[in-house]
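Dropping the structure in here first, questions after.
Chain nomenclature is as follows: A, B, C and D, assigned in order of appearance, with residue numbering initiated at 1 for each chain independently.
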Amino acid sequence: MVSVTVWNEYVQEQTEDDVAEVYPDGIHAVLAPALRERGHDVRVATLDEPEHGLTTDVLDDTDVLVWWEHRAHEDVEDEIVERVCERIYDGMGFVPLHSSHFSKVFKRLMGTPCSLAYRESGERERVWTVDPSHPVADGLDESFVVPEAEMYGEPFAVPEPDRLVFVSWFEGGEVFRSGCCYHRGNGRIFYFRPGHETYPVYEESVVQDVIDNAVRWAARGGRGETATENRAVGPSE
Amino acid sequence: MVSVTVWNEYVQEQTEDDVAEVYPDGIHAVLAPALRERGHDVRVATLDEPEHGLTTDVLDDTDVLVWWEHRAHEDVEDEIVERVCERIYDGMGFVPLHSSHFSKVFKRLMGTPCSLAYRESGERERVWTVDPSHPVADGLDESFVVPEAEMYGEPFAVPEPDRLVFVSWFEGGEVFRSGCCYHRGNGRIFYFRPGHETYPVYEESVVQDVIDNAVRWAARGGRGETATENRAVGPSE
Amino acid sequence: MVSVTVWNEYVQEQTEDDVAEVYPDGIHAVLAPALRERGHDVRVATLDEPEHGLTTDVLDDTDVLVWWEHRAHEDVEDEIVERVCERIYDGMGFVPLHSSHFSKVFKRLMGTPCSLAYRESGERERVWTVDPSHPVADGLDESFVVPEAEMYGEPFAVPEPDRLVFVSWFEGGEVFRSGCCYHRGNGRIFYFRPGHETYPVYEESVVQDVIDNAVRWAARGGRGETATENRAVGPSE
Amino acid sequence: MVSVTVWNEYVQEQTEDDVAEVYPDGIHAVLAPALRERGHDVRVATLDEPEHGLTTDVLDDTDVLVWWEHRAHEDVEDEIVERVCERIYDGMGFVPLHSSHFSKVFKRLMGTPCSLAYRESGERERVWTVDPSHPVADGLDESFVVPEAEMYGEPFAVPEPDRLVFVSWFEGGEVFRSGCCYHRGNGRIFYFRPGHETYPVYEESVVQDVIDNAVRWAARGGRGETATENRAVGPSE
């Protein structure tokens, strides 16, 4: 059983009507039960809690952190960003969703601007598996459709992924690297593009299945700490 | 000045009317002058020549080998396949085009089936640069269009590329990793998807530009031989 | 429980006294029980059996194939090599050991000469984990020692590994990429360098632990067949 | 002709006798002429200059930035770190040397702790080329020796390099990934391990040759800016 923390900035659901209509109790309130149904032990945490709900205790008990962020990038405190990154270096999995490509945590881990092109158009997206050998693609068909999507387009300013699992096709003519694997220190990272705050993408069963797969995969990172300091050592010979 | 050999099976242009109409003197007769105009020293070679035109002398004088193959995969002799692969290991560049993904040489270098999905539909293809930092993308716009294309779809059964430069979008709903970099021994390989025998894709200036870029990049592989045998050595200390 | 087949050419143990002294019942007779003790379901197969013991039935029931080959590279039939590779493309794991870097199967999967430098010197080898996040390194210390080793040196003519897990240090002054991960189609491949026919390397508990880790990791490849032929498809849109 | 800026914190050469003895005019005063002799256009810049000598004008005129940093990691201003990183994203090459693995710039680009093991022991290092196909290895022998080195050991907490070119062997029993290629945005990065402030490593001709190769390679990054903001776009179809 994987211990999952679903983190949500939980801002627009409380302040914007069209978002509240789709996710009345927050995006986390859809993702958390979807992961519970699939066998995980799930808690939620949000921006407005003390320490954004990401205390040392919570992180120490988290195998995989699923992340939604859209409006509040600048409101996430640097200290918490560092804490999350350090836990990732020490083996916690991290699954940033959609607009979380622009979160401080993801940008910090990538070391690049992470910028992209976008269009809020409610257009059809078809997500293709380009690497069927990868565990995140387990049990999926060759492709699946997100009926109404916000388009994300290339170039996506990230380091070349360790493994590229999904590429999206958009009705309007673009493509996007929608499923990207990385590891940083002992931690496994899976960036997953689909999702939106006013299209009910996270209600889609296949999208939930992918996040489930990503959680299972990201939970199998390395064990133990990644040193933050250099270590003086004697000869090994 | 790069010494380029454009190799063409040169079969369908001589036996099929619709192909002869588009490429009356062969696909090589379009590619060779396009590369000469861009400053390269170009020769051509075809399947029906002795040793398929790929004698040891020709290969020794070739920096980059551009390859078209479609119908005659089984007619390329194994001995020539080995000779070409060995020259690639020793530093010759290799630029297989479109259906050459199923050539013996490319399959031998990849070690995988190299299969894909396809549809001969004359549909629109838009080729996106996903890695603008790569020399093969030099001078290109963010995307370019092939007005009439044969679709190629994923999964494309190749090893994960060293660098993925282009991803194609197709009108019919698919995506494809259309520009894939590999190295094998000292040789650089760039697989480029666009092209067809009955759509005049190789007349497109931007397609010629990409092949020019690929030739320049592939010419900069390592120097010297890659050993085919193990070497007994004394201590280095 | 992983279904493992340990394949051994089983030649030198039957024809050379110094090898027979170290591995009287064959290298497989050391590896198989070591993997059984660690919880796997293990069978053995050898070169001199019909179809080298690698019938379709055996391979269909094999999750991971562990491979030892040294003297008999040319005696392995091409048909069996193809059969093994196809099963790997369809998801079977493959763990070639030491001199199996020069097996037809491994060379076929890599697409390169796979040559290296060597010295039979009984010198000390220290194997360092450079990627502690990888499952093959689970539970290992930072480094472990093989007291008497045959040196393998660079350059090792293989494609850049997907993940490099181990690098060896040799007393005589060389280094070697000793633990290399690849995937080909749905199958996971882990090349592991340590081992020898006259040094009792496979009796070392830590070496057995690594092979156990490799088996567990290689068993988690993709599900289902990798197409060997291209597939005509209709529009997806 | 490549426009190179050699940046040196230039601290220990002015404050510590044993360093001043080896590099009386600073490490930059050895590196800069070595690169000039090899055909580059070289300027130097140091920490104590205004803006650390890295004004916008200087960076705009720099193709490749060679970097030495050891004691003053915390003294490099964040604003300059960001400016340097942004120029790298826009295509400037970056060649951090030895202890610069712990510079703010390199850590920022990697997104990981970049920690390692070390031993100041004046021991012999042998640097092996594991990827002879890479331009940074042009013209080198299979290996070269640094007679007196500070040892760096694994695990080195960096992302898996795009290409691993060199691996070092140390007399005391360790190995290290000494030549690591990355790209971030349009910029090429080559981390090169050899070097020290009290061993005259940068006087070695072969070490200068490698830095020359690295400069030539890093100068060929992508052209143009990497967007730092997301871009709203219309349909492409």
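Criterion: a contact is a pair of C-beta atoms (placed from the backbone, for glycine too) under 8 Å apart; a residue touches a chain by one contact, two chains touch by 3 or more.
Small disclaimer: the values here were computed from a predicted structure and weren't measured.
Novice: Could you name all chains that are in contact with chain B and with chain D at the same time?
Specialist: A, C
Novice: Look at both sides of the chain C and chain D contact and report whether the same residue positions are involved, with over half shared, or different ones.
Specialist: Interface between chain C and chain D is built from largely the same residues.
Novice: Counting C-beta pairs in contact, which comes out ahead: B-C or A-C?
Specialist: B-C
Novice: Starting from the mean Cα coordinates of chain A and chain C, work out the distance between those two points in Å.
Specialist: Comparing mean C-alpha positions, chain C is 35 Å from chain A.
Novice: Indicate the whole-number Å distance between the mean C-alpha point of chain B and the mean C-alpha point of chain C.
Specialist: A distance of 32 Å separates the two centres.
Novice: List, in ascending order, every residue of chain C touching at least 2 other chains.
Specialist: 126, 132, 153, 155, 160, 162-163, 169, 171, 173-174, 183, 185, 226, 236-237
Novice: Taking touching chains as linked, do they make an open path (line), a single closed cycle (ring), a hub with spokes (star), an all-linked set (complete), or other?
Specialist: complete
Novice: In their shared complex, at which residues does chain B touch chain D?
Specialist: Where chain B meets chain D, its residues are 91, 124, 126, 132-135, 137-139, 143, 162-163, 169, 171, 183, 185-188, 220-224, 226, 236-237.
Novice: Under the stated contact criterion, what part of chain A meets chain D in this complex?
Specialist: Chain A residues touching chain D: 85, 89, 102, 108-113, 115-119, 121, 153, 155, 157, 159-160, 162, 171-174, 182-185, 226-237.
Novice: Which of the residues in chain D come into contact with chain C in the complex?
Specialist: Listed in rising order, the residues of chain D that touch chain C are 126, 128-132, 142, 153-156, 160, 163-164, 167-170, 173-175, 177.
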